[in-house]
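The next part holds the structures, each set out as structure tokens.
One chain, chain A, links the two complexes that follow: it is found with chain B in the first and with chain C in the second.
Here is the complex of A and B:
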């Protein structure tokens, strides 16, 4: 062990004296630290803002005066997704998907205000997330620091001297590995501190520990890749070329190929095409605002027959409210069908892309990181579903008030004059039907169990690199 | 009674179709300086590499301190101080730091005063001890490497062309050091093409030509080996 330690400390001493490696490590730490600080501030601010906006939005809805219930259906309501504590490190899909949604009757709006859509090209570059830093840039920095860790000794002849002095090759390689891993851990330190911060702000200990552990394994994998590249190469420039090529393939090409393959294997229908299909189906459902629409004739006849009356005016409930409730249900079923199909497609694409984690540790780390942080696609879909549930519930609750708390005659005469308009209102206490929206990440157990496959991908990468280094060490002699 | 330390018996090494060592056999006893003399391509370095365990013998056997090079190379390396033709130490470290580092790799603990004593013994000027090795001459590097060997208390020294590139005074200093080490009980096995240098320090010289030992010369009592005789034999083989 003391020999491994000596090799490791000597490598650090070499880096310190040659300054290049030290500079790269310091830049890495500074970038990681800066990205963590900037992201933490932004996410904390966004979290506070969205919580406050959610409160204001709910209060504004509740504070509306007596109105016609259907005006409140169209008045609508906003829901905001508060970021998960670990999104200070891993924004995941949150940076690309919207964080707020306007909920109203007869519509399923898309989420708005995604960070990436709002920012220009240059500000996108400035918002490098700590996760991106660690997943993509830190491996590059490890390459810059360590590509010559073995080839340098080979070129200078000191490797031969060490071996002929009785130092075991595995001890030399272990020392080099730990020196590289140590520099990676220094760059990881800001993330570990930020994870603790997330723990203080409500994230579970199991999640923060797993999150940091995942990145530790990832750094170890890349340290091993760099060591392997340097071990199999006879010269430093060859090692550099091999490792840079590997970085381009593993961190840039494979993720890109993954998304392209996913889009090819699970093609999504165009938005225009989908929108036409939705409109066509909705048109067949009729217009809920028009109770005389032929689409509701059967509903009308059924009710008249059920209550033994000849006119809708004689029904014990407001027929217009009944139609609105009925049409909202039908319309929501259609919209949900398309929304679920779209989410299924997105998820299928994501699943295909995630399989590329077997080919790139960066892909497996990215997936694991998003899964654990609760910023993955499934989480975004859950936000959409929960927002839709809230929308449907409050719209139907208002339609229920329309149906039962507003007289049919008063309702149909509400445009006659101001007095009839005033009469066609329901009490503001009805607005309390709105449930509060509190979107939180999945439980720790759920996130851990769903990220197991990607943890396994990472561990397999670690095992593969161990085997490759073991094999390469035989050629050192 | 002589104690065999470095032994080669019917040693053969082949690279593809080429026979590099052909039935080589010799024994170097404890406290003895044995020089394997030969021209370029004679097989000197291959012999050395075989004893260091970096080249595997095709047949025959080679051992150091009774341990086979094929099965106990790690042990042999831990007991041997090897000085390559160009001493490869770390240019970014000082002489002292190099010694401290390589001692730590050999898991040998020595105090600063022990290291200073060794550096004085090899006559490395004190004002250079804390200078980076990149600024050392070849002779200074060699002295550093020998100081390291002394500190490791390695019972066996393998020297590869040790005087190549040294100036005459450095060669004299080096020869004196080797003699002193041998007198202190160290076994020295060197490969060289320097006839004069070999005759100055070696108790026995094996003349290697095309992978075969074609002649052995040894001291007569305290008399040095006759340089003229060795030179004639060497020149005949390398004409």
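Here is the complex of A and C:
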């Protein structure tokens, strides 16, 4: 143990003496710290802004005057997605998905105003997120610090001396490994502190702990890769070239090749195109605004016979409201069918890209990190689904008011003159049916269980590196 | 004489397995990027074709079932699109985040135009692997890996003094070696691009410009690397130290400068939130139902005085009033909407200035501008959509205001969307 420790301290002393490593580590810490601070401020600003917009949007809905209930269905409602607590570290897809959505009767809209669309367009490769720093830049820093950790000793002949003096190769490598991992942990520190901060802001302990743990494993994997590259090379030049090439492949190439492959293998037709099929199916359902549409003949006959009357005007409820409720339900079923199919498509595209985690620890780390932070595709879909539930609920509640609180005769005569138009209104208290929208990421349990596979990918990388180093250690002499 | 040196170095380097392998890998990457770009372009074109076909069938069906012009306008949609340019395969730019297809109808435009049929966000996050990415982000790393030890590598191998002593003019030796490697790298990257450009029949001038940008960025990094290598070697630094320093420069140019400028730009250039635009528009459009008709007409007639004598209504609902307040709603939000777009333009201009400090960003921006996949191209597309929407209104207003029986033939002259952007 003491030998491992002294190898580790020797390495650190060497870093201090040469200054290069110290500079790199300091830059790494500064970048991580800056990104955590700037990102936290931006996320908190966005969060406050959207919470406020959400409040205003709800208040405006409640404040609407007495109206015809169906007017409120078209007046609609806006919902805003508030960021999850851990998005101060891992913003994930948040910048690329819309943050606001308009909810109205008879259709599902898309999420609008993604941050990327309102940005300078400079950050398509890099971003200031701590996640990018940790996943892409820290490995580079580790390489710059440690590429020569073994080759240097070999070139100077000290490795030979140590081994002939009876120091175990395993102990030397362990010492070097811990010295590297230690510097990685320093760069991880700002992230760990920010995770605690997220914990204070309502993220569960299990989530923050596994989040930080995931990054610890990732840093260990990269420390091991650097150690391995240095162990198998005879000279520092070679280990440097090998490690940089590995970094380019694992951190830059594979992720992009993953997304390009996914988009090529599983092209998605997009919402616009499926909308045509939706419209075709909807047309068969009839237009809910037109109660005399033949599509509602059966509904009409059923109701007439149920209440034993001959004319819809004699029904105890407003038939137009009945038709709207009925058609909204049918229509929503169709819309949801296509929406779900589209989400499945997106998910299977993402699944293809995520499989590249077997080829690059960076991809598995990123997927794991987004899953745990609740900023991945699944979470965006959750936003879409929750917004849809809210939409359907308030539209149907308004249709219910239309059905039961608005007289049929008053309703059909609403366009005769201004007085009849005024009569065909319901009291503004009906607008209270809108429930508040408070978006939160998936439950901790869901996120943990769904990230198991990516945790496994990471652990597999750790195992692979361990095996590779073990093999390399046999050939050290 | 130089040619002889060049030839000698070429023969020497072609026997270096490491260099040959490296250049083959670069060629493979460039080929993959170009292939996937072409594939994506083809998919987008096919999508547009299918959309147009479905669109016209759908509209014909809808129109045939209508009984008045108001419903005809209400129920018929129009597909608009922005076709990928012939060089889009090389630089997909912002086409995955800014929409290039849109379906609109004659309702208030501000309520529709922000709808986004975006790509899968998780794939957008990872980013695409296109030719522009290779040149702007990876090329410097290639150059650094290949050329940082031009001299120091020989020194460390113990051949330096011998080489310097035996070469008649030593700078010629390094020059020709650097030239051979640079030429190899340029060919490995550019051959796939040229094949791609030939396939899409891209205009010669733009293709040449694309090649020149690549060469300029390549030359920049070759010069930086060779000079840094020479200077640092003179100070006794070894190859990895030289490369580390160069990677630091790369990090500065590719990550730090863009990220810092982006943060500064976002903090200093602010405008209305997109949410405000749509909320304003909605209040204006929906408020019309509760307000006297004169409010709508006053606003509408400000821009369309020619219909001042046609605003009488027979019942409390008339389609012309309905479209009148849609127009009025857009007018209410016009200023905000303009400010919203101006903010994007101002940010883009600022980003253009910032990119002068980062060769990587400059390369990327120039390439996507050539390929018409940058922010200004997508704003131009949005303007096309706005103009088309305005022409729809110009077409329908006479039919709505002058009254008259519904005749399907009248709709035959309905304007069709046409992409103005040329490539």
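Things to note:
Keep this in mind: the second predicted complex is superposed on the first by the 462 of 477 C-alpha atoms of A that agree within 3 Å, B and C clash if a C-alpha of one lies under 4 Å from a C-alpha of the other, contacts with A are read in each partner's own complex, and residues count from 1 in each chain.
Note that a residue touches a chain if its C-beta (ideal position, glycine included) is under 8 Å from a C-beta of that chain, and two chains touch if they have at least 3 such contacts.
This structure is a prediction, so every number in the text was calculated from the model and none was measured.
After superposition on chain A, the partners chain B and chain C are seen to fit next to each other with no clash.
In the overlay built on the shared chain, the residue A:440 is in contact with neither chain B nor chain C. In the overlay built on the shared chain, the residue A:253 is in contact with chain C alone; chain B does not reach it. One geometric descriptor of the composite model is the angle centred on chain A: between the Cα centres of chain B and chain C it reads 90 degrees, in steps of 10.
In the superposition on chain A, contact of A:48 is made with neither chain B nor chain C.
Of the two partner chains, neither chain B nor chain C is touched by A:206.
When the shared chain is aligned, no partner comes close enough to touch A:452: not chain B, not chain C. In the superposition on chain A, A:112 makes contact with chain C only, not with chain B. In the superposition on chain A, contact of A:30 is made with neither chain B nor chain C.
Annotation for chain A, partner touching more residues between chain B and chain C: C. In the superposed pair of complexes, A:163 makes contact with chain B only, with no contact to chain C.
Contact with chain C, but none with chain B, is seen for A:57 once the two complexes are overlaid on the shared chain. The gap separating chain B from chain C in the superposed three-chain model is 13 Å, by closest C-alpha atoms. Against chain B, in their complex, chain A makes its touches with residues 2-3, 6-7, 10, 13-14, 17-18, 156-158, 160-168, 477. Residues of chain C that touch chain A in their complex: 29, 32, 36, 39-40, 43, 47, 50-51, 54-55, 58, 79, 94, 97-98, 101-103, 111, 114-129, 133, 136-138, 141, 145, 149, 153, 156, 238-241, 243-244, 247, 251, 254-255, 258-259, 261-263, 265-266, 273-275, 278-279, 282-283, 286, 289-290, 315-317, 343-344, 347-348, 350-351, 354-355, 360-361, 364, 374-375. By the touch rule above, chain B contacts chain A in their complex via residues 52, 54, 74-82, 84, 86, 88-93, 101-102, 104-107, 152, 158.
For chain A in complex with chain C, the residues that touch the partner chain are 20, 24, 38, 42, 49, 53, 56-57, 60, 65, 67, 71, 74-76, 78, 80, 92-93, 95-98, 100, 102, 109-114, 116-128, 137, 140, 144, 147-148, 235-237, 240-241, 244-245, 248, 252-253, 255-264, 267-273, 275-276, 279, 346, 349-350, 353, 376-377, 380, 414-418, 420-421.
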